[in-house]
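You will see subunit A twice below: alongside subunit B first, and alongside subunit C after that.
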Partner chain A sequence: MNRFRAVAIRAIAGRELRSTLFNMGIYVAIALGLIVASFMIYTYVTGIMEYGMAVMPSSKTETRYYSELPQSPEPMLVPLQWTVYIGAIYITLSASLSISRERDQGTLEVLFYGPVDSLSFVIAKFVEQLLSFGVVLLFYIAYFVVMSAISKFALGVGFLKMIILSLFLAGCMASFGMFLSSMTRKVKTSVILFLVFVITFLAVPMIHQFVMVQYTSTMKGAVSVARHVTSTLNFLVSWISPFAYLGRGTTAIILGSTSELIKSLFFSLIYTVVFLTASIVIFNRKGVRR
Partner chain B sequence: MIKTHNLTKEFTTTVAVKDLELNVDNGEIYGFLGPNGAGKTTTIMMLLGLEKPTAGSIEVFGKPLDKNYFEIKRKVGVVSENQYFYGEMTAWEYLNFFGRLYEVDEREKKIKALLERVKLYHRRNEMLLGYSHGMKQKIAIARALLHDPDLLILDEPQNGLDPYGIRDIRDIIGEENAKGRTVLISSHILSEIEQLCTRVGILSKGRLVAEGPLDIVKTKVQPDTTLIVEIENLTDAIKDKLASEPYVKKMQVEENKLILSVDREGDYRAQVARIINENSGLVVGMQTKTYSLEEAFIKITESSLESLIKEGTA
Partner chain C sequence: MRKTAYLLIALMLLSVGVFAAAPEKVEQVVVNLILFDGSLWKNTISPQEYKTFYMMANADNILVPTNTKVYFWPITQEYMADFYDLNEEIEGTMVVSRGNRVIARIEKEEYAFAYPNGYYTGSPQLVRGEEAHKASAKYKDEVNAYYQRVMEYQQALIDYQVALEKFWENPEAYRGRESEIPKEPKIPEYPTYYATEVQRGYIVNLEPGTYTIEIEGMPETKRTAIAFTPRRQGVGYDIRPEQQWTVPRPSNDRSETVYVYGKQTIYVTPYKGIEVNHFMYEKLKKLPSELSGRGGELVYKWMALEYLNGGTLEVYKDGELISTSDFKQWYVDQTAGAALGYNIIEFDPKVQGERPPSFEGFRVQLEGSGRYSFRLVDKDGNVVQESERLIRSIDSRSRFFAVILPIVPILIGGLIWVWRASLSATDTGTDKTSKLEVAKS
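The block that comes next holds the complex of A and B.
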């Protein structure tokens, strides 16, 4: 990479990270994740206390138990998955504002008076999002380590795999958010786009599941059409939605399938590259002026 | 220093810049003028690589901009009329950030010196959000000078400033030019351009309609000098005698005043006075009137585009 580009990326990413750390948003996301995780862990602990069940997680038993148990034998996995979801949603929101906010404020134009080009700018923003997620993740890891010590719920290989997966997910989320941001000139438009997409990504699989379990003896035709439509939408969402990549990866971890996990990480990487490239192309077309 | 060839920028419905041949020489202060919408800012944006030209080429420091983007941008300092800042940063942090971006050596020392120069060192730890318009413009100047650029591009740098602010920025531009920096300045404050610039280019409807040293541009607008002579006892003999002089191109009479258009090349005041005295008149007052840059600017930009291209482009 061009040395000047690397300098620009370092300077911009550093400034952005500092700005993020001095803002409330990241801490709200961390707090929210921890509250959700606490609630889930509390539910587990209460269940164990009430029913006298002992949890003895072991990576070797994951596959065998998964088919028999309603949840993973690593009880911290699901709370971690939810905290990662929350952290990732924060990153998507933050990324979806990252370019449009600067364009809206005019600071983008001033920045580009200097030795900055669209590639260095988009990569810098992306790096900053990953670093921010890293900070969020550090809080989460510290929290789970402490909770593990208190609750005696062990943190196994699945936990480690989930942490790695979440970094790839953050890449997907950040690149998708930046893709949205590169298309807009106003912060308001970015927020609306973000909400529309997140709601769509979360709602489509739920609607699809709902439609699939409908009884079909009456209104057969309508249900059939609905099933066809939601199946198509669900298929599209499963490739476009960054959440779907976390879902696939989590399933692979819970099933103990390393090959599926690697495949999931690979697809996440492809997804990130595609959306980052698209962000740069759109950014170039939109320009830096307000 | 800057050289454009057939530079053209077309938007969907308009042609912002057409076949622009701009030449800014090393070490000069070049005034880039034009009415609103003439294409000045679009040109500046293209010179900075922020707008892609539809056609034509740009060379800065003798190198094509598109192939030497980073190298060129690291040697250019820019101030625009738009004051966009990271409001949550202090002046010190802001300059420090740009110092990192440009990899400025002895960054802190330079930032301190620049803040002292723009008289804002004592407010270095205040958020830029609370800065006044004039203070922000000074910080923008400091940002543009931080990396010791060889070329300064200033787009309306004195817009909205009070007379003190205008003077401060004029002084800084003059000092920087004295150090050898080339300056391209676009401004509506033509009196400032007149004081600062060695050469000007006037853009109208996306075309460069006049370019050259200030005096030559004015000459193109007003080839003659106007002499206004106030005379006691203005007789027909005086009028006839002056009208027959070869250097008098045109003569108008207004009460006891004669308005003479004389050849710009010479100074004919003594000859005119002598003729008046020899014909029993008495010169009460005499003044020479030349076009100011503002008058020249208005005349040039109001004239028909086609004729100006023929006669005005240097």
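The block that comes next holds the complex of A and C.
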């Protein structure tokens, strides 16, 4: 990468990060994540107070299996996972608007009169999303450290691994959001696409799980067809959805499988590179005009 | 019209016949498997449809190839053998191979299971050859002796009733001769010791690995045996808080933390645990079932085996030994009156009489705040491996902070917004001033 590109990336990413930090959106997203985490921790504490005690694994039962989890994982891990989900959804929304908004407002064309090309622009936007997520993560870490000190719930190695994993997830989410954004010219279209994909990514595994546990003595044929359809969809979603990558990584952490965690990080990295490349290619084809 | 009616009736009759059909039995050679699961021997079969079976390595397992009738039972989705219909044990030499190498030739031998502490308590022992005959004979002798005692008891009971009638004729005559008042004879106790009949089978004890097992010259007896070991062994605990003693929480792994609230008394009952592959272990217990172990090929689970009695439990606070607790029997004593309530007291057979103890274990009293841990020390004073557990006492204030902390980011965002707004107002003011200055000039 030449020096001019690096300067352009730094300038655009810095400008965008300032803009993000000076808006309420990021703080609302952080607060939403913390509300979910607080609800879970509140429930744990209440449960222990009512029952008198609880036994929770602070690390894992090592296996490379994905479906079956221990009943009660490290207390802070599940709340962190949900806060990361919310933070990542915010990043995807932000990324999915990043290109289309500038294109829609006509500022993109003006920007490209300067020393900016598609590669530096897309990378800059991507870096900005990662930095924004870093800020979100700092809030989360501070929250969990404070809550751990107050509640005495342990912060194990799994917590640290989860933080690292979430950075890779942010990469996946940001690249996916930018991929959506590069395909559209209007902000409205980007938002609709974002909603459709996020709902699909979250709903398909749930529907699949629901169909798989249905009793099959009646309507055997219909249930069988539904199982095949949802299995295929779930398989596709497990490769396309960034949430699936986080889910696999989280499972690896909870089960303490280092090899699976490394594999999950590696696949997340490939996912990010593929979608970023696709974003640049599509961006080039679509051009900078409205 | 009449033809159609006949046809319908015929179809109905046929359909009734179809629905009432019993499952079809097929004669085939199965291997009757009596496999060790870590504490007991479990019985299952290996039919032709399930030629690979799983067993614990380095343990005595019993295989009995048998010609029988097999059927599929759709309700539980499993193959079953009807040994009552046909039960022909196959004789010959069992050849055990690993790859192309024959590693053992095993002859059928006699065995029995002995239960020194009774059928329902403690682990059974596999006894072989002459010992099996002795164990079985011992049980029979004890049963015969028991029946002899029962007969003596019946006679003593009759004598007692006769003596009692005599006593009631003139009780005053016994004044000063109280020792001569008839006493009711004691009901004889059934023997605790139990042993099965002597049976015959191939006793196989293999190192971990995959083997081919076959009766020489009988290919229909050929099976693949996968011998596995537990991945980890350790001490698990049933931990019950004093206020809910009926709902113990298991703790299998030393990485598990016990969270408690406030001043708390907990009861800890240790047991021997093994961590095994879920699929293999379920198949060991029930091989020919389509459902057993399904989906658990890569899952490892802790299995509780037998409870560990004796020893002491050392309790530490912030790294310093604060107390030791002895293994005791406990009795849950319901409080008097209509209101519900109980006290957990040490079991005393003199006080509780024939009532059994409610549970056994160590009592651990925690003062509240602090970081505790406990570990098991055996009768010889050695710390039992994998027996440590960490206890953390949680703080109820965390609920308050859980409500407050999510507001902080909103406050920060709000402050930034106010600051930005004030900056923007200042900028606008400067602009106006500068424009006025330009106009004046």
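In this section, the second predicted complex is superposed on the first by the 270 of 290 C-alpha atoms of A that agree within 3 Å, B and C clash if a C-alpha of one lies under 4 Å from a C-alpha of the other, contacts with A are read in each partner's own complex, and residues count from 1 in each chain.
Keep in mind that, in the parts below, contacts are C-beta pairs under 8 Å (C-beta built on N, C-alpha and C of every residue); 3 or more make two chains touch, one makes a residue touch a chain.
These numbers come from a predicted model, not from an experiment.
J.: In the three-chain superposition, say which chain, subunit B or subunit C, touches more residues of subunit A.
T.: So, of the two partners, C touches more residues of subunit A.
J.: Going by the contact rule set out at the top, does A:Val7 touch subunit B (first), subunit C (second), both, or neither?
T.: In the superposition, A:Val7 contacts subunit B only.
J.: Tell me which partner A:Phe153 touches in the superposition: subunit B (first), subunit C (second), both or neither.
T.: In the superposition, A:Phe153 touches subunit C alone.
J.: Mind working out whether A:Gly114 is in touch with subunit B, subunit C, both or neither, as first, second, both or neither?
T.: A:Gly114: touches subunit B, not subunit C.
J.: Between subunit B (first) and subunit C (second), which does A:Leu21 come into contact with in this model arrangement: first, second, both, or neither?
T.: Second partner only.
J.: Figure out whether A:Ala31 sits in contact with subunit B (first) or subunit C (second), or with both, or with neither.
T.: second
J.: Regarding the shared-chain residue A:Ile41, is it in contact with subunit B (first), subunit C (second), both, or neither?
T.: Touch status of A:Ile41: second partner only.
J.: What is the contact status of A:Gln105 with respect to subunit B (first) and subunit C (second): first, second, both, or neither?
T.: first
J.: Show which residues of subunit A both subunit B and subunit C reach, each in its own complex.
T.: Residues 22, which sit in both footprints.
J.: What residues on subunit A touch subunit C, complex-wise?
T.: So the residues of subunit A in touch with subunit C come to 21-22, 24, 26-28, 30-31, 34-35, 37-39, 41-42, 45-46, 48-49, 51-65, 67-68, 75, 139, 143, 146-147, 150-154.
J.: Which subunit B residues qualify as touching subunit A in the complex?
T.: 45, 48-51, 69-71, 73-74, 76, 78, 80, 82, 84-86, 88, 97-98, 100-103, 144
J.: Under the stated contact criterion, what part of subunit A meets subunit B in this complex?
T.: Contact set of subunit A toward subunit B: 2, 4-5, 7-8, 10-12, 14-15, 19, 22, 105-107, 109-110, 112-117, 287-289.
J.: Mind listing the subunit C positions that touch subunit A in their complex?
T.: Spelled out, the residues of subunit C in touch with subunit A are 239, 241-244, 247, 249-251, 253, 255-262, 264, 266, 275, 278, 295-302, 390, 392-399, 401-403, 405-410, 412-414, 416-417, 420.
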